[in-house]
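Pasting the structures in now, so scroll down.
There are two complexes below, and they share chain A, which is joined by chain B in the first and by chain C in the second.
Moving on to the complex of A and B:
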C-alpha cells in the first residue's frame, strides 16, 4: 500500500451540527444544511468569503434527488465557488472530511468547507440500501442495512448468554452517553436493570438483531471547515489537527453471508496499516477517545477488537468492565454514536466532528473528563468500507 | 395586484412560523432492464436447465457463484467453469422478521423469511451461494458454523426449481431440507 506524507498540515477550525431528529418537516433540505453551515462558520468566526471550496455529500438513493448540490446551493453557500460532490455509502461523511483534508494538504485550497447531510424521512432507507445490491442476483436477497451476521459470529465464539449480554450492555452504555448529548435523536434513558427485559422483548428484526440494537433513521446535517496550518493558526486559537486518515474497502459487495471470510476485516486491515505508518504500537494506550461508526450494538461490540488490534475477548472485557464510558480506559462514543443519531450522509462526519470537539474540550454536557490529546474516528459503509481518521491536539508528531 | 405582492414580500421568516407546513408526497415507479453480460448470462442460462455453475480463478482456485468476470483478489480473468451443487449444506442464515421491500417488485416481502448462505457440494470455505430458504423450514434448519478448527455441520439442503424458468434468480424458488440426506 503506497502512502505519502501530507504536503502541509491541516487543521479543523470550524464544526457545525444540526440537532438530529426523525422529524424535520419544519425545514427543507437546503434550509437544514444551512443550519449546519452557519453553525460551523460561527464556530470558526468566518464567513463564506473565507471559504475557497465546498465539498458536499449524501446518499442520493435515499431521497432520490440527483445532484442535490444544485438545489442546495442556497444552504451550502457554494455559489461561485469551486465545489465537489461525493457519495460513498455510510462512509460518505468520512470521505468528505478525507477529501477536504487532501484538498487542503495538496495546496489547491487553503480553506475547505465539507458538508454531509441526510433527510432519511424523505425517502426509504432500507429500500435505498437494498438498491445498492447488484440487480442481477443480490437485490432480491438483500435486506437493507439489517444483518444478523455479527450476532451469529459472536454467539458462536462466546456463547449466546455472554454475547447477548455484552451487546445489550453496549447498547445501554451508548444510550447513557446519548442522554448527555443535546443533539441526540434517540436518548431513551435506559438503565442497567432493563437488560433482561430488552434482551427478551425488544422486537426482533433479523435473528438476534433486535430493534433496540439497531441505529435510527435520522434527519440532520454536519459541516466542518478545514484550513492549512498557516490559515488555521490565524483563524483559530486551537485547531484540531488531522494527522492521518486511511480508507479501505473490499471487492465483495454486500455478501453478508460470508461471515467467516478468511481475509482480515477491512477494520483490522485499516487499523494495522494506519498505526504502523504512524508508529503507534499500543493504540489502546495512545488514544484518549474513539468515535466509532457503530450501526448496531452487535457490530459496535464486535468491532472494538479490530479497531484496537485486540485478541480473544479483550474487547468484551472492556465493555463488561464499562471501560468504554467517560473516565474509562477507552471512552467510546461519548456522543452516543450512531445508535443515538444516524443521518447517514452526515453520520460519519459527525464521528470526526464529535472526536474533534472532545479534543478541543468543548463538546458540551457529554465532554469526557481529562485532557484529550489523541482521538480516532471511524466510518463504515455497507459494502465493508472502513475509514479511520486520527486527530491530534498538538502539532508535535 | 402590486399591493398584494408587497404584502407577501414583507412576510419575514418570523411571521411565517405559525403557518401550516406542507409536505409533498411523491411515489417513484421506474421501469428498468439490466444487461447480464456473457459471464452472468452463461450462469443464468444454465439455471434454465436446473444446473448451477461457478467460475474458477486460475490462480487461487476459488469458485465464485454467481460468477464474476475476474478474481479481484488475484487480479486475473476467470475462465474455467465448474458445475456445483445443486445440493449443499446450510451455513449462514439471516432470519428476517423485518418486512423490507423487494426492489424487483416494490412489494413488501412476506415475513418471516430466511436469506441463506449454502455451501453447495464442490465448494469450500467462503464459497457460499446466496438464496432463500423454504419458509416452512425456517424453524427446522441447523446453521453450520466454521470457527477456526471448530466446524459444525449444517442441514443438508436441495433446490426447489420453478416450473417455468427464464434465466433469473427466481428459477430457484428456494432451498429446502433434503429429506434424502436424513
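Moving on to the complex of A and C:
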C-alpha cells in the first residue's frame, strides 16, 4: 500500500454538531446544515470569509434529492467558493474529513469546511441501499441493511450465554454514555439490572439481533473546520492535529470467500497498516479514547478486537470488566456512539468530531476523566469499508 | 399571524417511482440467453490468473485483461460456501421469509454466485452442502431463469 507523509500538518480548529433527533420537522435540509456550520464557525471564532473550500456529503439517494450540494449552498455557505461533493456510503463522514485533511495538507487550501448531514426521516433507507446491488446479477437477490451475522458469529465462537450478555452489556454501557451527551437521539436511561429482561424480552429484529441492539435512523448534521499548521495556530489556541488516516475498501463484486484476498477484516487490515506506518506497537496502551462507528451492539463488541489487534476473548474481557467506560483502559464512544444517533452521512464525521472534543477536553457532560493525548476514530460503510483517523493533542510525533 | 417559533411545520408527502434501463452488454447477454435457451451456466476464464468467473465479466478484476471471448461451461451443480437467512418481510425480497440466500461455488468456477436455496430447513444449511440449479419453467430473461438451487439428493 503506497503512502506518503503529509506535505504539511493539518489541525481541527472548529467543530459543530446539531442535536440529533428523529424529528426535525422544524427545519429543512439546508436550514439544519446551517445549524452545524454556524456552530463550527462560532467554535472556531471564524466567519465564512475565512473558509477557502467546502466539502459536502451524505448518502446517495437517501433523501431523493439530486445534487443537494447546490440547493444546500443556502446552509453550507459555499456560494462563490470552491466546493466538492463526496459520497461513500456509511463512511462518507470519514471520507469528508480525510478529503479536507488532504486538501489542506496538499497546500491547495489553507482552511476547509467539511459538512456531513442526513435527514433520514425524509427518505427511504432500504430504497437507497437496495439500489447498491448490481441490477443484472444481484438486485433480485438481496436482503437489506440489517443482519444478525455478527450475532451468529459471536455465538458460534463464545457460546450463546456469554455472547448475548456481552452484546447487551455493551448496549447498556453505550446508553449510559448517551445519557450524558446532550446531542443524543436515543438515551433511554437503561440500567444494569435490566440486562436479563432486555436479553429475553425486548423486541427482536432478526435472529439474535434485537431492536435495542441496532442503531437508529436520525436527522442531523456535523461540520468541521480544518486548517494548515500556520493558520491553525493563529485561529485556535489548541488545534487537534490529524496525524494520519487510512481508507480500506472491500468491493462487493470481489468474492472474498474463496481466498482471492487474505480473509482479514478491513478493520484489522486498516488498523494494522495504520499502526505499522506510525510505529505504534501497543495501540491499546497508546490511545486514550476511541470513537467507533458501531452500527449495532453485536458489531461494536466484535470489532474492538480488530481495531486494537487483540486475540481470543481480550475484547470481551474489556467489555465485561467495563474497561470501555470513562476512566477505563480504553474508553469507547463517550458520546454514546452510533447507537445514540445515526444521521448516516454525518455519523462517521461525528466520530472524528467527538474524538477531537475529547482531545480538547471540552466535550461537555460526557468528557472522560484524565488527559486525552491520542485519539482514534473509525468509519464503517458499504460492504465492509473502513476509515481510521488518528488525532493528536501535541505536534510531537 | 403567529411568529415563526410558534407556527406549524408541514411535512410534504411524495412518492417517486423510478424506472431504469440496464444495458446488460454482450457478455451479460450471452450469459442470460445461454441460461434461457440451453439451461447452461457459463463463465469466462482469465488465462493469466487461471480463474473462471461466474457470472461472467468482460475484464478480469485482478489483472484487468480483456477476457470476454474466453467462455467456459460450468456445472449446474456446486457447493454452498456461505449463506444467510432472510427473516424479515419486505417488498423487494424475492421470497417470503424465512428463506436462504447462499453463495454457491459451481463446479468449474472459481467465484461463487448468489442465489436462493430451497428444499432445506434454513437452520440446517451447511458449508460444503452439494446443491444443484432448478430452472424456472417460464423465462424472465434474468438471473431468475434459475429459479433456485436445492440440495442434491444423497445417494442411497
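FYI, the second predicted complex is superposed on the first by the 382 of 397 C-alpha atoms of A that agree within 3 Å, B and C clash if a C-alpha of one lies under 4 Å from a C-alpha of the other, contacts with A are read in each partner's own complex, and residues count from 1 in each chain.
Definition applied: a contact is a pair of C-beta atoms (placed from the backbone, for glycine too) under 8 Å apart; a residue touches a chain by one contact, two chains touch by 3 or more.
Just so it is clear, the model here is predicted, and its values are computed rather than measured.
Let me test your reading of the model: by the given contact rule, A:203 touches which partner, first (chain B), second (chain C), both or neither?
In the superposed model, A:203 contacts chain B only, not chain C.
In this superposition, which partner touches a larger number of chain A residues, chain B or chain C?
B
Give one of first, second, both or neither to describe whether A:87 is in contact with chain B, with chain C, with both, or with none.
Once the two structures are laid over each other on A, A:87 reaches no partner at all.
Give one of first, second, both or neither to describe whether A:102 is in contact with chain B, with chain C, with both, or with none.
Neither chain B nor chain C is touched by A:102.
State whether A:157 touches chain B only (first), chain C only (second), both chains, or neither.
Once the two structures are laid over each other on A, A:157 reaches chain B alone.
Take the contacts of chain A with chain B and those with chain C, and give the residues found in both.
In chain A, residues 25-26, 64, 126, 130, 135-138, 140-144, 146-149, 205-207, 255, 257-258, 260 are touched by chain B and also by chain C.
Under the stated contact criterion, what part of chain C meets chain A in this complex?
Per the touch definition, chain C meets chain A at residues 9-11, 14, 16, 20, 22, 24, 28, 55, 57, 61-62, 81-82, 84-88, 90, 92-94, 101, 103, 105, 110-116, 142-144.
Please give the residue numbers of chain B that touch chain A in the complex, ascending.
21, 23, 28, 32, 34, 36, 40, 44, 66, 72-73, 91-98, 100-104, 115-117, 125-126, 128, 130-132, 143, 145-147, 169-170
Within their complex, state which residues of chain A touch chain B.
Within the complex, chain A touches chain B at residues 25-26, 64, 124, 126-127, 130-131, 135-144, 146-149, 152, 156-157, 203-207, 251, 255-262.
In the complex formed with chain C, which residues of chain A make contact?
25-26, 64, 126, 130, 135-138, 140-144, 146-149, 205-207, 253-255, 257-258, 260
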